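Next come two complexes built around chain A: one with chain B, the other with chain C.
Moving on to the complex of A and B:
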C-alpha cells in the first residue's frame, strides 16, 4: 500500500506540474478520477462535530470520533458517537471494497450490548439527521457516473474545473451533480446536488482545507439543503494521518470498547 | 429500614459525582418517568414509576471500570435499588479479563433468548421493560481472547442467579396450569452457593465480509425452576383434592450457533440451540412428580430489510421437544413470530415503531405500537400501547392487561 500511495502521490504531483502545459484540456472523467485518487494517506483519525441548523435557526449538535484505514482493496471506517447523550457509546463500522462489492456495515448499540450487521442498502438515508446522506460521506467511484467538463471558472479566487456528473444508475437519488474542482490540488471546492426533477436540492461547500501530515485534507464543510433551508456544518478537528492505526481498531471488540 | 436504601443511594451518588469531578470519571445515564394505564373497565394504573439510571465509567489503556446503579421509585413510595453492572476490566493486547457484575448478551435473535443464556432475565413486568432492563447483570469472570476479527470468550459464573419473576399479586404473574391452587414446598428451591454449582459458558464468534457467526455452549442451571408436584388424592372419591408444588432448579447443557449475513439488500439471521436437561410438566400418570426430562431444540430464522426508509424485520421462532410423549403440557412444536417496522421522520426527531410477537401455536399476540419524539437532544417523549390478544399462551394469558403508556426520558 505504501508503494501504491507513493506512486499515486508521485503521479499526482507530476501531473499537477505537467498536464496543463503539455496535454491541454483534461476531460471531465479524468478530473473526477484525480479527485477520487487524491492521496489521503493510509489512515486518518480525528474528531467530527456536526451542527444541524433548521430554517428557524435552531441548532442540534452531534459529535463523534472516527478512524479510517485503507489498504487499497478495503477501506475500513469506524465511528464512535459521543453526543447527544442518548447515542453515546454507539459505534458504527463500514467496510467498503474497491472491487465494487456492497459495503459491510455494523452498528453497536450499548443499550442492547450487541453488535448488529445492518444492510448497506440505505446509502440514501440521511446520516444522524444531517443533510449528508451516507453516500455523500463516502467516496463515490467515478465509474458510477458519466462526467462532462462544463467550463473553467474562478471561485473565491481559486481556478476551478466545473464538472457535471450524471449517474449511470437511473435509480440514484440525484439526477446529477455539478462539482467545482480546484485545479491546483484536485480537491472539490463546491458541489451542487440536483433532485430527481432536476431541481437544485443541496449545495456543498468546503469552508476550510489544509495540508495535514502532507495530505490535502478537508477540515470544514457545509451542506445546505436549499429546498428545506436546512444546513449542516461538519468540522474535523485533531486530524492525524498515517499514524499506523492497527487493524484491531476495526473489529467487534473495538466497537464494544468504544473510543 | 425503608429509607436506608434511598439514603445509601443518595450518599453513593454524591460520592460518585464528587469522584467524577475529581478523577475525570465519565458520568452518563438517564432520568425517566413512566406512566402506564390499563385499558380495562377499572382503568387501573399499570405502572407509575420514576427511574434514575447512572453509569460511571473510567477507561485507561490497561484498566477500566463501570458501575451502573439504578433506582426505581413507585407511586406507593416503594423503592427498588440495584446495580445493573459493576465490573473491572483488565485489557491486554489480545486478551481481556472482566470481573464483576455484568450483562452478557449473545446471539443474533431479537426479543427472544435462544443462545442468549448467560444473563438471567427480569420478567417482573413480563417482556415489557426495555431490553437493557430485562437483562440482569450476573456476577462472573469473563476472559476474552481476540485474534483478528474472531473472539473466544469463556465465562465463569460462580453463583447461580434465577429469573426474576413477578410477585404473586402482580398483574404479570403467569397463569399456572394446575386444576387446584398448589401449596409450595421450597425445601429444594435454593441452589447452594458452592464451586460445584457454578456455571460455565463459552463462545467463539467471528465477524467477516461474508457473514458473522457465533458458536456457543454452556453448562448451567435453567433460570426457571421445574415444579415437581405431589398429588393429594381423596381415597374414597379418587378426586384430586390438593397439590404440593416443589420448585427445583436443574442443570442443563446447551450447544448452539447463530449467524448473520447479507444477501443482496437483505440481512439474513439464524440462531439455534440444542438443550438437554429441562423438565417439562406432564399429566402422564407414569411421571410421579408430574415432570419429565426432555431435550429440546430452539431455533430462529429472520430477515431484515429496508423499504422506502422503513426498517422491516421478521423472525420465525420455534421450540421442538424431542422424543415427545403424550401428557406433556407444552406442545411438541411451539411457534412464534415477531414483526418490526420502524421509520424516522423530521430528521430523526420523530420515530414510529410497530413491534409484535405473534404466537402461532396458541393464536395469541403482543402488539406494541409506539411513537417517540425528541423534544431536544437527549430529551424524548414516548407514547405507546401494549395490546394482548388471544386467551392462552405466553401473551394470551395477559389479555386483560392491555395498556397505554407514556414515558418522558432525559439522557445525560
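Moving on to the complex of A and C:
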C-alpha cells in the first residue's frame, strides 16, 4: 500500500476547475480524469470545521486552520488545531511528492513541546477518525480504477454523469464506487461507496460549493457511513486561493509556533 | 353388564378425544416448535442490570469473542503459521456475522513504535516473510509491544490468537459448524487449532443439553417401564401408565407451541417432572384397582373402575391441585423461561390428572384388565406384616426418629450455608471434555477466555482525560490482575501508557499515565489519527466521560467473577468521590446477575409454594394440624436437598435450582395420599394404630412403589455424559427417597402422636397397649 498522507484534504477542495464541455461523448475514464485534474490553484488557506456524529447523535467538533502549497513537484500542507481547547496548537504537516516518494509527515504536540516524524503503513485509512479515507478525499488516482459511464441524469436540478468505478486491485476496501459528476464544472456532486460484500457502505454528498478566487471549491461536504450510521461533515470557511504563502510556513519550526 | 355397554362408548369417546387432542398438539409441535438457544432471550429485559449492560455493549461494541488459537510447538514465527494467522483473519471476515473490525490478530494489529525523533505505525506483517531476519524482526516487534505480546501471541511464542467478536444472539449451530470447518482446514501436523470462547461454549451447551436429554429420556422411560412392570405385574397397566405420561408431555409441549412460546433449555426439565408425577398417578390408580380386585375377586371391570375412581378422586385431585399450585408459584420468578416452565408443567400435571381419571378407566373398560391373583401379591410375600412391623418399630422409637431427623436437618442447615450458585457454562462440561480442555489450554497461554467489563461514567465531560482518574483506572487494573484467575486487563490507560512510551523514544520509564490533561488529549488525538480509531471507541466515548475496562478471566464461574468484582468494588467510594459511577457489563456479568435472580426467585417461590401448599392442606383437611404435619416431609426434603448440595459442593444452577419444585410437587402427593387414606381408615378402625397399619400397608406401599419406580428411572440419568443432567438424576432420586422416608417415618409418627383426625378421644389407644395387644 502506498504511503498515506494526512493532508490531501485540499485536493478534494480543489478538484475542479471549469472545463468547457467537450463535443462528443466522454468516456467514464475521461470524466474521472477531468475531475481529478481540476486545477486548485497554487496555494490555499482557510479554516476547517469537522463534525463527527455517531449513531447516538453524540458529536465531536474540531476546528483547524490549514495552509496548502503545491509547486508541482511537492505538495506541502500544514494544519493547526484551534478547538477543542486541550489540543489547541497541535499541528500536522505533510509533504507529498509527485515523483512517487513516500510522503513525509510530522506532528507537533504542544504538551510534549516536540516535533516528531510519523511514518505509517498501518491499516487505518481513515482521516482523523472521520468517515473519509484519504482516498475519499481525492488522493486516489483514476488510473487505479476502471471507469464506466452508466448514464446521465439530473440530480437536484443539475445535469450529471453517473460513473461507476471498479478497482483494478481486487483487495481494495471498496468493491465499487458510483459518482455523480456535474457536467458543467466536473465537480463530483455525490458518490456511493460499496463495501467488499458489494453492499452500500457510505454516501458522500457535496452540500455547498462555489468559485473561490476563480477556482471551483467545495465548501461543505458530508460523508455518511450508512452501515454504522456515522456521519462526518467538513465545512471550509475563509477559503483564500493564491495568496502567496511563503515556504517558511511549511517547516518544523513553523509547526511549533502555532497558527 | 348393561351398564358396561353404556359406558363403552363413553370410554371410546375419551380415548378418541385424547388421541385427537394429542394429534392436534403434535401437529402444532411439528409446525411451530422452536428451540431458543440465545441465552440473552432468557434474561429479563427490563431488569436494570441487563438494561445497563445491553446499553454498554452497544456503546463500546462489547462482544463475546470466539477465540481461535493456532499452536505451533516450535514457535509461531514461521511462514506457514503466520500465513495461517493471516488467512484465518481474512477468511473470517467472509462470514456475514463478522465485520472487519470484529477480527483481532497479529495480522490485523497495528504496531505503534517510537524512535528518537519519530513514531511509526506499521502492521507486524502484510505479506508473510520467509527470511529469518524478517521473521526475527516480527518476533522482536511483538516482544516489545505490550498491546500484543501475551494478548495476541502467547509469551512462550508457541500460540497465536485470532479473536472474532460476535454479537450475542447471532450464534447458531450452523454457524458454529461452518466456523469450525473453516478453521480446521488450517490444521496440520505442525499447526494445531483450538477454538474456544463463550459463544462456542454457549453454542455447544445449547446443543448438548437437549441432545443428551433426548438420548437419556427414552432410557429413563424404558427403565421406569421395566420396574413399573415388575411392580404392577401387568403389561397393559404399565403401557397405559407410560402412555398417559407421554400424552401429558405432548399436551404440555403442544400448548407451548400453540401459544407461541419457544422451547427453552429449562423446558427440557418438563418431561422429567411429568414422568415423575404422571407415573405416580398411574401407580395410585392401579394400586387401588388391585386392592379392589383383591377384596372382590372376579368382579367385572366397571364396578372396579368406579370404585377406584371414587376412592382416588379426592386425594388425587388434592395432590394434583397442590402440585399445580406449587409449580404456579414459579410465576413469581423474574425469569420468563422459569415462569413458562411453571405454567406448562402445571398444565402437564393437570393433563396427567385428567388422564388418570379418564383415560386409565376408559382403557380398562375397553381393553380389560387382568388382575394377577394372590400368588403374586406383594402383601403375601410379607409386605403386610413388614409394614406393620416397621410401623411398630417406628412408633416405639419415635424419639430416635425425631433425633435422627433433627441431626440431619442441622447438618443440612450447615450445608445450606455453603450452597453457591454457579452461572458458569464451562463448569457444565466434563473436565476432560474437548471444550473444557481447549478452554484450559487457551487460558494457560493467554489472559483468559472469559471477560468482565467495568464501565465508569462521569457527568463531567473530559473526565477521563484527567490523569487522576486514569491513575485510579490503572490501579484498579493492577490490583485486579493480582488475582490468580484474572489474566490481564485492558483500558484507555493502556493506550495512553503506550503512547507516552512511544512518544518518548520507546523508553520504558515512560510507560506510565501522562501527567497532564492536555498531554492525554493530544495523545488520544494522535492515536485517533494514526492508529485505529475504532479501537478507541471500544474504551472511551465521544465526550471522554464514559470508559470501558475489560478484564480477561480464566473462568466464567461465579466465584471468579465475584472475586474480581470484590477488588474492583473497593474503589467505588474513591470513584464516587470524584463523581464517577461504577457499573458492570458483558455476558459473564449478566450470567452472574441472572443466576442470582434465579436463586432469589427459587427461594421466593419455594416459600410461596410451601406456604400455599400448607394453607391448601389446612383447607382440604379442614385441620391446621394436617397442614402442619403434611408439610413436614416436603420441608425436610427441601432442606436436605439443599443441604446436601452444599455439603457435596454441587452448585445451584438453572437446572438444580428447579429441583425444589419436584421436592414439593412429589413430596406433597405422598403426604396427601397418606393423610387422606389414614383419615378414611380411621373412620373404619376402632383403633388409631390399626388405621396406621392399614394406611402404611396400602398407601405406604403405593408410595414406596412410586418412589422405587421413579428413583430407578432417574438413577439412569446419573450415567449421562452431561454433568448437569447427572446432578439432576441424582438429586431427583434423592428427593424422592427423602420424601418417601419423610412421609412414612416422621410424618406417620406425627400423625399418630398428635392424634390427627382423631375426634373421639375414646378411640385413642397408645402403642404400648397395642403392643401388648398384638403380643
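The criterion applied here is as follows: the second predicted complex is superposed on the first by the 228 of 259 C-alpha atoms of A that agree within 3 Å, B and C clash if a C-alpha of one lies under 4 Å from a C-alpha of the other, contacts with A are read in each partner's own complex, and residues count from 1 in each chain.
Definition applied: a residue touches a chain if its C-beta (ideal position, glycine included) is under 8 Å from a C-beta of that chain, and two chains touch if they have at least 3 such contacts.
If you're wondering where the values come from, they're calculated on a predicted model, not measured in any experiment.
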With the two complexes overlaid on their shared chain, look at chain A and say whether chain B and chain C clash or fit. clash
Just to be sure I read the superposition right, which of the two partners does A:219 touch: chain B = first, chain C = second, or both, or neither? neither
According to the stated criteria, A:118 is in contact with first (chain B), second (chain C), both, or neither; which is it? both
Just chain B (first), just chain C (second), both, or neither: which does A:126 touch? both
When the two structures are overlaid on chain A, which partner does A:84 contact: first (chain B), second (chain C), both, or neither? both
According to the stated criteria, A:60 is in contact with first (chain B), second (chain C), both, or neither; which is it? both
Of the two partner chains, chain B (first) and chain C (second), which one does A:137 touch, if any: first, second, both, or neither? neither
Which partner does A:104 contact after superposing on A: first (chain B), second (chain C), both, neither? first
Tell me the contact category for A:178 with respect to chain B and chain C: first, second, both or neither. neither
Re chain B stretches 218-226, 272-280 or 308-316: the one overlapping chain C is 308-316
Contact residues common to both interfaces of chain A (with chain B and with chain C): 52, 60, 84, 86, 111-112, 114, 116-122, 126, 128-129
So, in the complex, the side of chain A touching chain C is made of residues 1, 6, 52, 54, 56, 58-60, 81, 84, 86-87, 90, 92, 107, 109-112, 114, 116-124, 126-129, 196-197
Where on chain C is chain A touching in the complex? 59, 93, 96, 108, 110, 112, 117-123, 126, 462, 465, 503, 514, 516-523, 525-526, 528-533, 536, 541-543
What part of chain B is in contact with chain A in the complex they form? 28, 30, 59, 91, 96, 103-105, 108, 130-132, 135, 144, 146, 148-149, 151, 205, 207, 209, 212, 260-262, 264-267, 304-306, 309, 344, 347-349, 377-378, 380, 409, 411-412
Enumerate the contact residues on chain A facing chain B in the complex. 52, 60-61, 83-86, 88, 95, 97, 101-102, 104, 106, 111-122, 125-126, 128-130, 230, 247-248, 251-253, 257-258
